[in-house]
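Both complexes shown next keep chain A, but they swap its partner, so chain B is in the first and chain C is in the second.
On to the complex of A and B.
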């Protein structure tokens, strides 16, 4: 056997397809949706398509949980492209749960806008599969391909309401900004690739896209300027995705223009994907570059916390508000990421705190978006505080769910968001990030104004007399919708009081 | 785990469970809802009285009786576990919270408020949180339970409040969050710096005793964080402006719970956590505490005198009196800390009683403006008697609980400085002036024309039993402690002079002898 053939043989042996069964399954369901559109009578499409998609997500979720602690965890698969870990398993579950909830929101919003179903769910399934791949990537090629799949999917989804000028404008903005961030990311990758392959430097490697090999190289050359610039560019590209300041400029407009389910998808899954990547990179190959990553991410965090909250103060459009408050949540999460690399010995569980925070954000934000989907009228981009006037009186259930969701996002005990913030704060304390901690505390206090301002609109203000808006809020929600919303609200309360296995898991980190 | 520890858990769980049931109140008939709410308020009262009775004989671990631990998940990771128990400092406040909560619950049940189920539900959640605050040994849960009240307060004030309710609700929430975040930062810092790897107060005390004590500069910073964090929550001057506004706008039972019980959280935290754990830090801040507290007593006292609105006056009065509690803390002595706890209990009862009676007066004259009142004694002699008694109790006359609190604080303060004592005594004069003047304006003199016309339109008789029972409960508590303070001071004395809280005793050892004044009236 020649060395070339042996290398090919090794790669072939490491191609363990069952490890990617959930992602492949999602792809198959996505294709099946297209086939169903041809086969089914048109009347049934609207009801069947979402159900098939949701079944697909549930099946993928079940499969992922079945392989929760599979034997191949921690090993490189597919010639080093893929490496599944406990962390990537958590993120795969996260993305599946998030997409399930996005599908739920879509079943409420799409009929209101008379938008087609098939393409939406098709793209959603593909994007979810790509997100899941992203969380287990161990190689810049897979990282970039998966990330671009997600980004292209979002280009389509953001401008999905073709009749709405705001949606189209948001799509264009996202396209321009997304391309810029992809270009930054790619440029950074190329710099790293080039420098790590330089045979004059110690620890040079032919596999310089592989995270392990790249990390080994960077350990030998932590001060190499090109590597530092490359890493900074990669981090900036990711900062675009998570909407951290100074790369947040697209957030309010895109969040407002995008259809509500897509806004939820952007806010939760896209942001979470960025953090999954950040944790893989800064705790993996970039760990030797802490002299750059640490100050860079700290500045991102502090600016995001301040800008997100201050810019959200005068907002009255709730979708823009969710976008700007999302910027501040990115700030909190970045504090956790910084804590995880500032003193790795003191808080080994800081990444777990970030994951926990992401889950609490998922629950709180999805509860709020679920209510938004119900309250929204014909104009999906025009969702304002005034539309919430009298909500609690018209529908106590929506009011209660909104209160739980907002309270959790604001981080008020006994809701889950508080425990998320607590873990981040404690991690930051152990990592001695005094300044970031001070900024975070100010941010929490400032955020009370706009979060409770929203609650004030929903609970205190009387419904406006105009009949056409008042008719929008349904007094009776569907059974499935009520159950989903109530279980989201109860989950925020339960997770705030009882962390059970989550806490045990943090302790083992 | 025995019956008494279960009872303690029950006292916290019962109101919360009641609140949870009422959350699904649409499916429950109104009468049953009221019954559930009543049980939710009654159970903590019965448990608190029972535990009070059995406290002396109960076996104690590290000074705490009725200890129980429940792990809710973060025990291994962060050392956070739901640890409930009572010591001599928390027992008096626990009992006070239960009694005031019961009275506030009775008032709420009779209030006939619109959307009563939601009202009761929020009030029950708030009450459950309050019982949890004083029953928690774990300082994380001490904080956690306090924050239970944040969203209910916001909704209760904003939905059922009076004048300026929305503004008051927003302002209260922002101030309370600011104070809470500062104190949370202080508590986390305490946890992170102590190396106890636990939020459990007993473990923290052990870890910080002797060689484990923190550096003086660190103690200075931590105590500052806690002082201002807790200070905002207790309406320490000049961070007080949310309190009179909020109490003025809030519905009666919320004012009773908030001003009477919830506000004691911060002072209690200083006495129970900050003083024993950070003795060196406390010494640095004594002058700050004293002067800010005197600001409460004198500046706010003068502001109180200038009030024309009865409810605002009671609200400002409650802010003013809080200054005495801080003075007790500032003495850094066993006597001062004990006086502060006694004072908190008395203040809780008397403020709650005043808010209750103020609402009753409003029902009869249709205004809070004291210039438009007068001569109410002819129509409502019992109300007049209650109100006068409540005012005298709040001034601190002998025979009422407040007397013992203020007396011990003044005695302790005398050891610190004669000047401060003299300045603090001015507060007695001020509160006597506005208190007695209010009694005179509301009840005596000739009825104003406005009053007469309102009275003929709304012929409400004297205090009815619905209002008289909660008022009697509160007044009886004030009298009981006024005549038998040992019921509270015996456990208090035992805890404060125990070697485990030696920080105070070593700080000012000479005061130990005077404790006997509190112990044996």
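On to the complex of A and C.
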């Protein structure tokens, strides 16, 4: 065998397709939905399509859990494009659970708006597959293609209510800002590729888009200016996706105009994808550049915490409130990321704290969005505190679920969100990030104010005497909807008092 | 005469900067969209120049992915812009401000 043939052979051997079975399965189900639309009679579509999609997510989830600790974890697959780790397995499960809950919210909201189902679930399935690929990427080509698949899917989903000018306007804003961030990210990738492959520099590599090879090059040249600019551009592109200050301008408008299930998907999965990428990059190839990544991410974190909370204070539209409070949650998560690279020896479990926080955010936010989907009237973008007046009296179940969700997001003990914030704070304490820790504690106090403004509306305010939208709140929810909401609320309580395998896993990191 | 790598990078950087400021400063959505494409093309130019200089084919291959992604983005983006124009009869940024507090 000549060396070229041997190189090709090595790549072919590393193409282990069963490792990607869940993602491929999601793609197959997405195509099957399009076929079903042609085959099934029209009136059955509305019930069958969501069920098929949900079945697809459950099957992919079961498959991922089956391969939870597969032998190929930690090895490079597909010629170095893919590298699955325990972290990537956690994020794959995260994205599948999040998409299941987004499907659930969509089954409530889409019928209200008389929106078509097939395209929504098709795009949702494709986006979830791409998100899962993103969490296991080990190469800038896969990172870029997966990220763009997710982003283009989000352009479609955000403007999905195409009869509503607000949804379209949100779609256009997300389109412009999303493309801008992608271009910044791409320029950063190109600079890193160019400098790491430069034959005139020591330690240059032929595989300069591979994370391991790039990390090796950066260890030899941690002061190369083009590499520093490239890394800063890549981090800025990711900061756009997670909505960290100063790249948060799109957040409130897009969150408000997007359909409620898409807002939930954006808030949870898109943000989590950004953090999965951040952890892969700053703890992998960018670790030698800590002199730049550390101050950059610290500034993002502090600004996000301050801005997100202060901007959320006067907010009365709940979708904008979720967006701006999401900015502050991004700040808390960034504190965890900073702690994970500030002193890698002292707090080796800091990434686990970030994952735990993401899961508590998933549960809390999905409970809140599930209630929002029920309370929302005909105008999806207009969901205000006043629509929540008297909610607890009209539907005690929705009120209780809302209380659990908001309480968890605000970080009230004994709910899950409290433990999530506590772990981040302890990590920041061990990493000696005193200033960030101080800012974060102030942010918690401020956030309680606006979260409880929402609670006050739901529990203590009377419904207006001639309620224009009183009929909107159903006294009897569907059985499936009640069960899902109650289990979400219970999960936030349970995860707060007992972390189980999660706690063990964090402790053994 | 060979053109040095730096010349390509300076042109690419200039194109990228023009696109970036165009996105921030222009008021017409379609022009903003053209500026976004300009930024992508600037990265492609830098990528091809680096690929030739470094002697690795990765960069050239990556260009095809970028072109494909840009095409998908344009297809979706123009659909949104056309639909928005049908509803609002405008594509000027200052008129698209229905979403606010």
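Convention: the second predicted complex is superposed on the first by the 507 of 509 C-alpha atoms of A that agree within 3 Å, B and C clash if a C-alpha of one lies under 4 Å from a C-alpha of the other, contacts with A are read in each partner's own complex, and residues count from 1 in each chain.
Criterion: a contact is a pair of C-beta atoms (placed from the backbone, for glycine too) under 8 Å apart; a residue touches a chain by one contact, two chains touch by 3 or more.
All values reported here derive from a predicted model rather than from experimental measurement.
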Which of chain B and chain C A:197 touches, first, second, both or neither: second
First, second, both or neither for A:426, with chain B first and chain C second: first
First (chain B), second (chain C), both or neither touched by A:381: second
Which of chain B and chain C A:166 touches, first, second, both or neither: second
First (chain B), second (chain C), both or neither touched by A:234: neither
First, second, both or neither for A:327, with chain B first and chain C second: neither
Which superposed partner A:33 touches (first chain B, second chain C, both, neither): neither
Contact footprint of chain B on chain A as seen in their complex: 349, 396, 400, 403, 407, 412-414, 418-419, 422-423, 425-426, 429-430, 437, 441, 444-445, 448-449, 452-453, 455-456, 459-460, 497-504, 506-507
Interface residues, chain B side, partner chain A - complex: 23, 26, 72-78, 118, 143-144, 147-148, 150-151, 154-155, 158-159, 165-166, 169-170, 173-174, 177-178, 181-182, 184-185, 188-189, 191-192
Chain C residues touching chain A - in the complex, by the definition given at the top: 9, 16, 19-20, 23, 29, 32-33, 36, 39-40, 42-43, 46-47, 49-50, 53-56, 58-59, 61-62, 65-66, 69, 72-73, 76-77, 80-81, 83-84, 87-88, 96, 98-101
Residues on chain A engaged by chain C in the complex (per definition of touch): 140-141, 144-145, 148, 152, 155-156, 159, 162, 165-166, 168-173, 175-176, 179-180, 183, 186-187, 190-191, 193-194, 197-199, 204, 206-209, 252-253, 256-257, 314-315, 317, 320, 381
